[in-house]
Every structure is written in structure tokens, then in C-alpha cells.
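Order of writing sets the labels: A, B, C, D, E and F. Residues in every chain begin at 1.
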Amino acid sequence: MSLFDDLIPTLITETPAEGRELAIMIARKTIATIQPDADIRGELRSDYDQDSAKLMQAGQIVAIEFQTIAAANNYWTS
Amino acid sequence: MSLFDDLIPTLITETPAEGRELAIMIARKTIATIQPDADIRGELRSDYDQDSAKLMQAGQIVAIEFQTIAAANNYWTS
Amino acid sequence: MSLFDDLIPTLITETPAEGRELAIMIARKTIATIQPDADIRGELRSDYDQDSAKLMQAGQIVAIEFQTIAAANNYWTS
Amino acid sequence: MSLFDDLIPTLITETPAEGRELAIMIARKTIATIQPDADIRGELRSDYDQDSAKLMQAGQIVAIEFQTIAAANNYWTS
Amino acid sequence: MSLFDDLIPTLITETPAEGRELAIMIARKTIATIQPDADIRGELRSDYDQDSAKLMQAGQIVAIEFQTIAAANNYWTS
Amino acid sequence: MSLFDDLIPTLITETPAEGRELAIMIARKTIATIQPDADIRGELRSDYDQDSAKLMQAGQIVAIEFQTIAAANNYWTS
């Protein structure tokens, strides 16, 4: 039984757009697993989403997660 | 229904050049999803585009997104 | 005989969720291998889990480990 | 019509050396797309090319771009 | 004749655990190649292994090396 | 005609060890291409090789270059 069971039952999505949403969700939930306290995460949020370096750091994680999901879906080409 | 539906209906492009444009667009829209306030993004822009480390951070994200898109298009070789 | 023998007898998991848990576990144990002193790690924890840049750094490592595990499991599609 | 049309009509090169040059060129042009003002880029250059961390940041981007180009060329083995 | 001859005669290992050990060893030896002075490395060690950002930087390198080794071993599935 | 012609006529090496040396060499020559002034590079060297974060940054680039070379050589398994 895993905390991620409800979140990622599968990596397969219907469209690239849904795959992108999944990448963002997985990235966020991983942070929430490492720092489970929602109040602290809330405070951190106001910190990072107005800082371009941190926003890009988040963007890079999403890019890496999307690589995995896109490969899982054979790039939605078949 | 996803915010990305109109943005990335497909990862397939006609040319490597269009694939590169798509990589840049996806990277930008992901940042916009994380920080939806356009005014804040505008302020951040004047911050990062005159800072070589941040410009390169953006360049690296584009490089990672392009890896995915290039693989999806079988590197435009077939 | 390796320290990791009990930790990663295999990269194969039943579900993506378990694969994600494995990615987090491998990332943590690698840090523990580099810094074996649990007291020091405990002190460092209070440092990094309230720092958004460091939390994202941890998230990025998990994303990279998950790429490997997802590929090992053929993305749980077969 | 894309700004990159003249720059990357193809990812295919005759040799690994030319592939490496292409990787460097693509990395540079992406930065130029994000910051189109050549004067600002000129000022930034004197900043980053005497800073080892920034030089390595540039080197890492080239390494990532080269991964894509090398795969596109089947590593120049066939 | 290479400095790495004795270290990595092969990327093939019997188990994922041994592959993980190899990834850590390769990462360490590469640093030792860049900075061959063991005394300086000893001093640097006390610096980085009590700094969470640097520990994670080391963890990320291991994750990248492990990707290569896991692929070389076909993820130990055959 | 490329500056890299003599450096990387091929990505194929006889052994993983030689592949590792090639990865280090390519990483170094790319930095030298971006900053061609050997005197400046010499000064920067004394800066980065006593700084653990920068040493690891160099190690990470080598890890990425090695991924490409290892794939080119089919991981030296055939």
C-alpha cells in the first residue's frame, strides 16, 4: 500500500496535455511527501513562486517527469 | 479537460525548428501554470533575462523539453 | 555483498506507485551512504525541509531515479 | 515559419564533431531567443565566461543538447 | 591505458545493489580525477557532507550514473 | 571543418574506461571552446578544484557526457 496509489494508478494518459498535468501533479505530491506539513508548504509557496530561479527549478522538475510520462505513452503516437 | 489542451494537442511537429519552438512554449506555459499572475511574471522577467545564470537555467529547461519532443518525432529522420 | 542488497533486490515493482516509493527510498539511502551519521542527517533534515530550493532539489533527484525505475518496469504497460 | 528554420533544418550531421558544434550553436541561439538584445548578451558574456560555475552551467547545457543530437544520428555508428 | 581501467572494466553487475555501488564509486573516482590531491579532497569532504545542498548534489550525480549502469544491465530483468 | 574534428572523430571506444576518459575530455574541451583564453581558464581552475560544489558540477557534466558515450557503445556489451 503506497501513498501514491490513488495519485498514479497508471502513467498512461489520453493526451499530451493530460500527461503534462500528471507530470505537474507528481512533482507536487513528491514535495508533499518530503514535507508533509501543509502549513509549511503554504509558507514556502509564497517564497518560491515569486522567485524566478525557483520557478525555473520547478519547471525543470516538471520537464523531467514529463520525459518519463511521454515515454510511457510512446509519445502519444500510436 | 486540461489547461494544456490547446497548447500541446500533439508533440509531433513538421521540422526540428518547430519542435524547438514547441519546447520553448511548453517551458514557458509550465511556469505560467505554477505562477498564474501575469503581472508577477512580468516583473520576474526583467529580473531573469539580464542574469546569465538564470538565462542558462531557462536554456537548460528548453534543452530537456526538446529531448522529449525530438524523441517523439523520431528525430525527424523518418 | 553490498549495503544496498536488502534495499534494492530488484527495480521491478507491481505498480507505478510502488515504483515512486522505491525512487524516494533509493534517493534517501544514497544520501545516508554518503553521510552515514544519523544525527547529522537529522540536523540537516530540519534545514532542508523548510527550504523550497532544497525541497525541489530532493524532488528532482526523485524524478531522475523514477525515470530509471519506470524504464525498468517498461512503464508498467506490459 | 520559425526563427530556428535556418539554424536547425536537420539534427543530422556528418560527424560527431559537427554534432558537437550544432549542440553549442543550438544552446547559444536558445539564449538569444530568450534575450534578443545583443548588447545585453554582450555584457552578460563578460560576466559568465570568467566564472567557472557559469562556464560549467553552459557546458552542461551543451552536454544535454549533444545527447539529443547524438541519438538523432544513431551515434554516427551506422 | 586509462586511469579507469581497474575501476570500470565493465558496467555489468550481478545485481541492482552492486550497480548502485558502482555508480557511487564511478562518481567518486571522477571527482578524484579532477582533483587528484587527496588532502584537499579530505578537507572538502568535511565541508560537503554536512551541507544538505551538497549532499543532494552528490546524490543527483549518483542517480545519473545509475541510469547509465541500469540501462547497461538491461535493468537486471533478463 | 570543426574544432572538434581531432578530438572526437568517433564516440566509439574499446572499453568503458576509455569511454570515461573521452567523457572527461569532451567536457573539458567544451569549456575551452566557450572560454578560449588558456590563462583565464588556468585562473578559474584554482578556483573550482578546491570548491566541492564546483567539483561536483564538473562531475555531473562528465556523468551526462558518459551517458551519451555509453549508449553509443551499446554499453560495451556486444
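By our rule, a contact is a pair of C-beta atoms (placed from the backbone, for glycine too) under 8 Å apart; a residue touches a chain by one contact, two chains touch by 3 or more.
Please read all numbers here as calculations on a predicted model, not as lab measurements.
Peer 1: Work out which chains are contact partners of both subunit A and subunit B.
Peer 2: none
Peer 1: Shortest hop count from subunit A to subunit F along touching chains?
Peer 2: Between subunit A and subunit F, the shortest chain-hopping route counts 3.
Peer 1: Count of steps on the shortest touching-chain route from subunit B to subunit E?
Peer 2: 3
Peer 1: Average the CA atoms of each chain to get its centre, and name the chain whose centre is farthest from that of subunit D.
Peer 2: C
Peer 1: Would you mind working out whether subunit A and subunit C touch using mostly the same residue numbers, over half shared, or mostly different ones?
Peer 2: different
Peer 1: Name the chain whose C-alpha centroid is farthest from the C-alpha centroid of subunit A.
Peer 2: So the chain farthest away from subunit A turns out to be F.
Peer 1: Tell me the rotation angle, 0 to 180 degrees, that brings the C-alpha atoms of subunit C onto subunit F, to the nearest 5.
Peer 2: 120
Peer 1: Report the inter-centroid distance (CA atoms only) between subunit B and subunit C in whole Å.
Peer 2: So the centre of subunit B lies 27 Å away from the centre of subunit C.
Peer 1: Just curious, how far off is subunit E from subunit C if you go by their C-alpha centres, in Å?
Peer 2: So the centre of subunit C lies 16 Å away from the centre of subunit E.
Peer 1: Which subunit C residues reach two or more other chains?
Peer 2: 53, 57-58, 60, 64, 67, 71
Peer 1: Line, ring, star, complete or other: which one describes how these chains touch?
Peer 2: Its topology is that of a ring.
Peer 1: A student should be able to answer this: under the defined touch rule, what is the ring order from subunit A, with subunit C coming next?
Peer 2: A, C, E, F, D, B
Peer 1: Using the touch definition up top, name the residues of subunit A that touch subunit C in the complex.
Peer 2: 2-5, 7-12, 26-27, 30-31, 33-35, 40, 44-45, 47-48, 53-54, 57-58, 60-61, 64-65, 67-68, 71-72
Peer 1: Which residues of subunit A touch subunit B in their complex?
Peer 2: Spelled out, the residues of subunit A in touch with subunit B are 15-18, 20-21, 24, 49-53, 55-60, 62-64, 66-67, 70-71, 75-77.
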